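Given below, in the form of structure tokens, are the structures.
In what follows, subunit A forms one complex with subunit B and a second complex with subunit C.
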Partner chain A sequence: MYRIAKANLNALYAAIAASKELYLPVRSAGKTNFAAWTEGAEVDLDTLKTVRSPKDAFFPQSENLYTCDRTDGKISITPEALQEKPFVVFGMKACDVRGVAVLDKVFLSEPVDSYYAARREKGIIVSLACSRPAVSCFCQTFGIDCAAPEGDVATWMAGEYLYWLPQSEKGEALTAELAALLEETDDAAVAEEKASIAAICDRLPLKGLSLENWGAAAADKNFDSPLWEQLYKPCLACGTCTFVCPTCQCYDIKDYSTGTGVQRFRCWDSCMYSDFTMMAHGNNRTSQLQRFRQRFMHKLAYFPANNDGMFSCVGCGRCVDKCPSHLNIVKVIKAFGKEGV
Partner chain B sequence: MQELIHRAKSLLESGEVSRVLGWKKGENVFDVEPAFFATAEELENFVYNGFCGANLSKYMIEASTWEGKTLVFLKPCDTYSFNQLCKEHRIDREKAYIIGVGCKGKLKAEKLGAENILDVQGAGYPDCSDTLKVTTLYGEQEVAYKDAMLERCHVCKGKEHQVYDELIGESVDTCDADRFAEVAKIEAMSPEEKFAFFQAELSKCIRCNACRNVCPACSCRKCIFDSTKFDSNQKANTTSFEEKMFHIIRAFHVAGRCTDCGECSRVCPQGIPLHLFNRKFIKDINNLYGEYQAGVDIDAKAPLTSFRTDDAEPGVGRG
Partner chain C sequence: MSEPMHECKYNPGFMRDTLIPQVALITDIRTETPDVKTFRVERPEGGKLFEHLPGQCAMVCVPGVGEAMFSITSSPTNKLYQEFSIKRCGVLTEHLHSMQAGDQILVRGPYGNNFPVEGELKGKNLLFIAGGIALAPLRSVINYVLDNRENYGDIDILYGSRSADDLVQRKEIEEVWSKVPGVKVHLTIDREQEGWDGHVGFVPSYLKELAFDTNRTAILCGPPIMIKFCLQGLKEMGFAMEQVYTTLELRMKCGVGKCGRCNIGTKYVCKDGPVFRFDQVDELPNEY
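Here is the complex of A and B:
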């Protein structure tokens, strides 16, 4: 275990940024989101949840795949370069780190997504324990401990210090690079912080949220339930839940006209959108009920069915906080739990 | 609130309406959701409190296509949107039975630290109090009702319902700010300052479309931003120009029809003050064509869709 005085964090950021890209929670125009660190950026480690999840670091909302260009009658195709520079994502919460494990299942299984794989290889996750979990948090339901986050390095804020524990080879290497700024210490302060977090987690209203009636077996069982008809009604069909989600991984591939060619890019898509998975023959989900059902069935039934029981929700609660109509996955989980269908 | 439930039940039972459009209890006092109720039993979950900010007018577009009348509860400011949608032939007045509900200003849970709220006392209707007692995971706090109100309530359009079949409950005019003060502040900025302001705000946009989908003025059957036939169909901002383009095009499209209901700013997950675009247009329209409030008079000629020979033609010199 190591530690660094909070007052010294800027030196730590500068040291990391000297050789790597550094992404961390930055407050701008009143909201905190992950952004590249720059000298003078307003780093905000106090806000529990960034509006967007940090999944952008590995799976950006929009990224170029290749560019076609026709100049002087010649056509050239330039693939986008893969991530080469190492980067650090600092301050990821336990739920968001698990979110990356969910994305891994999708992008690192055959056929491997080379853009994502390159970012995973070059990316180093420095996680941060949640000192003040929120009412909308339910990561415990998915077996996540926000007091002991996974990641290449785990950190805790306690008193005047940030405590730092390398948990992987990448983490050890990063720690060695920053050795001049970190001092060795014992586990006592972190043990105390963990106990304090655990005490708060025990008081969370969503503690004990049960996934009974969900999982692989729910794929057939819940599909035709009349509950969907009631649940989906207030849905505005916006993409807020999908775009703040750390695990939503669907994307669309689009072309952008550059004037002399085409920039082919991919961007996040939302199963809430009317043209989601639009194909030549039309759309296989034509009503909002079907689209709404798809989102929750994917996270709570289809994904576990295809990934050894792993749910593709991590209980971060961003959708709970942000849905304009206050619909959310917790309400859906509970509705089916109650009915026992 | 009991009076509203009672009245809804009797209208359902008499068969005068086929369903009720209102707000439903959530897990917590503030996460109420817009909902349709088909039976007296379902109405047990009906709620009307300080957190019922959602404007239900837009749901009437779909409800207008259904068999029978829908009882809809509208706050004074919601009735402007309802009228505007009638004017645009998007909803059928005959399909609605409107109960105008009293409003004392609506609350923004975020201003109370939404993510930690366990309970809020004093936000119930009709007996809401001037001070909210908020119980959070990390202790209790008292917040003045006024300080937790939505931005739009500080520029309240008044307690009059513009359209209704009956009224239940008292309203309070909560206006305590100049509606155009923020716009004037931006107008006074230099071009560079304006650019920096909007760049900072709009670069937060995640293109979730919540502003568009909640907007009663955005009721096109197929939005150009959803049509696969145009280059504008993008789900992400490809360039920093595009992130502004989406919002600017939307603001132009709803100009003259926007009632300033404030739903866009209420739902933006990134807290972008989107209403400022619309208010700039409203301010300019007022200055150029005379005072006009969309949603007041459904027979009035709208300034941007009527022509007079003495019309102002901003940007065009007259010889």
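Here is the complex of A and C:
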């Protein structure tokens, strides 16, 4: 276990940024989101949840796949370069770190997505324990401990210090690079912080949220339930839930004309949109009920069925906070669970 | 992460990533019907783009216009090129129909599973049932089977379309397929037409008239309404769902089960399909 005085964190950021890209929560225009660190950036480690998840660091909202040029009718293709520079994502919460593990199941399964894999190779995750989990948090439901986040390095804020614990080879290497700034210490303060977080988690309103009637077995069972008819109605099909979600990975592939050719890029898409499944000869999900059901069945039944029981929800609660019609995955989980409607 | 990092291994057969296509030269375009053309593609320097299996698909792209998944209609036994039979019905297909031999496009693939020509279909009597453009995916299987004739039993091909002018691959059907020993071709068109002395009527009713015994495996492709009534007919004839294959078609973007569009139940049609047996189709949510 190591520590660094909070007052010295700017020196830590500068030391990391000297050789790597550094992304961390930055306050800007009244919102906190992950952004590249620059000298003078208003780093905000106190806000519990960034508006957007940090999944952009590994799966950007938009990224070029290749450039396609046409000369004398002949097409040539230049694949986009893969991530080469190492980078650090600092301050990821336990739920968002699990979110990356969910994305790994998608993008690192065969055939491996080379763009994502390169970012995972070069990316170092420095997680941060949640000092004050909030009412919309339910990561416990998915077996996540926000007091002991995974990641290459885990950190805790306690008193005047940030505590630092390397948890992987990458984390050890980063720690060695920063040795001049970190001092060794015991884990007494962290143990105390963990106990304090656990006490808050115990009182969270969604603590008892049960996944009963969900998981792989629900893939066949819940699809035809009349509950969907009641649940989907407030849904505006805005897609906000999918854009703030750390695990939503559906994407579109589109072209951007450069004048002499085309840049082919992919960007996040949403299963909530009516044209998501539309083809020239028809659409297999014509109603919002079908699209709404697809999102939750995918996260809570199909994904676990295909991934050894791992859910494609991490309980971050962003969709709970952001849905304009107060609809969310918690209501869906509960409606089918033993707590009843 | 508690799990070890995956090695970044790139995908064999692709330039670097399955999302990056190959440049393909259109070497021939055949007009099959008023709205179907067959495009032959090769590498610009000559030769096949890739090897595929019967029933597999590929993404065909015109840069700046669009990209969509099409079944590869040529058989893997064709060692020179790949072919796609494409119906004009949207932005991309409209553009493709305006192209000429000598033009370049982009193709990536092959994607998906295949008809089990070396597995469950081997040694069986086969009954192919197709309507309209749906002959395209079956043609790759039919030609594979005909090129390996000794490995399969009797073959019946029941194919129908709106009119005689809408029969795709008519020349090949009449001049090649129907002349192979042990192969019977049954053509039908929806309505009477001058110059047509063959069968008239919808595919499902012709299927009932032909009254096949169940000692065969059926491969059924066509518009949903045709599938529905043919399947009903096959059931009445005593066919088990395990004896009938089809292909599903949903919106696709990536082709490798990651972009989420063709997800239905626990399956991704691009990766786990497009070929399904009807007992497998029955297990999917009714959303295809």
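Following the convention adopted for this analysis, the second predicted complex is superposed on the first by the 328 of 341 C-alpha atoms of A that agree within 3 Å, B and C clash if a C-alpha of one lies under 4 Å from a C-alpha of the other, contacts with A are read in each partner's own complex, and residues count from 1 in each chain.
The rule is simple: contacts are C-beta pairs under 8 Å (C-beta built on N, C-alpha and C of every residue); 3 or more make two chains touch, one makes a residue touch a chain.
Keep in mind that what you see is a predicted model, and the values were worked out from it rather than measured.
Q: Will subunit C clash with subunit B on subunit A after the two structures are superposed, or do they fit?
A: fit
Q: Between subunit B (first) and subunit C (second), which, if any, makes contact with A:Phe107: first, second, both or neither?
A: A:Phe107 contacts subunit C only, not subunit B.
Q: In the superposed arrangement, does A:Met278 touch subunit B (first), subunit C (second), both or neither?
A: In the superposed model, A:Met278 contacts both subunit B and subunit C.
Q: Where does A:Asp152 make contact in the superposed view: on subunit B (first), on subunit C (second), on both, or on neither?
A: Touch status of A:Asp152: second partner only.
Q: Contacts for A:Asp252 in the overlay, against subunit B (first) and subunit C (second): which applies, first, second, both or neither?
A: both
Q: Go through the superposed model and pick first if A:Lys85 touches only subunit B, second if only subunit C, both, or neither.
A: In the superposed model, A:Lys85 contacts neither subunit B nor subunit C.
Q: Return, as a multiple of 10 degrees, the angle whose vertex is the Cα centre of subunit A and whose sides reach the Cα centres of subunit B and subunit C.
A: 90
Q: Check whether A:Asp269 is in contact with subunit B, with subunit C, with both or with neither, and answer first, second, both or neither.
A: A:Asp269: touches subunit B and subunit C.
Q: Looking at A:Ser62, would you say it contacts subunit B, subunit C, both, or neither? Reply first, second, both or neither.
A: The first partner, subunit B, only.
Q: Please give the least Cα distance, whole angstrom, that subunit B and subunit C reach in the superposed model.
A: 7
Q: State which residues of subunit A lie in both footprints, the one left by subunit B and the one left by subunit C.
A: 252, 257, 269, 278
Q: List the residues on subunit A that touch subunit C in their complex, please.
A: Contact set of subunit A toward subunit C: 65-66, 68, 70, 73-77, 79, 97, 100-101, 104, 106-109, 111-115, 117-118, 120-121, 125, 150-152, 168, 219-220, 223, 249-253, 255, 257, 261-262, 264, 266, 269, 271, 276-281, 283-285, 290, 294, 297-298, 302, 305-306.
Q: Within their complex, state which residues of subunit C touch subunit A.
A: 1-3, 5-6, 8-11, 14-21, 23, 44, 63-68, 89-93, 102-106, 249-251, 253-254, 256-261, 263-266, 283, 285, 287-288
Q: Can you check the complex and tell me which residues of subunit A touch subunit B?
A: Of all residues in subunit A, those touching subunit B are 28-31, 33, 48-49, 51-52, 61-62, 132-136, 200, 203-205, 233-234, 236-240, 242-244, 252, 254, 256-257, 263, 265, 267-270, 273-275, 278, 317, 320-322, 324-328, 330-331, 334.
Q: Which part of subunit B faces subunit A closely enough to touch in the complex?
A: Touch residues, subunit B against subunit A: 26-28, 31-36, 54, 59, 114-118, 136-138, 200-201, 203-204, 206-210, 212-214, 226, 228, 231, 233-238, 266-267, 269-272.
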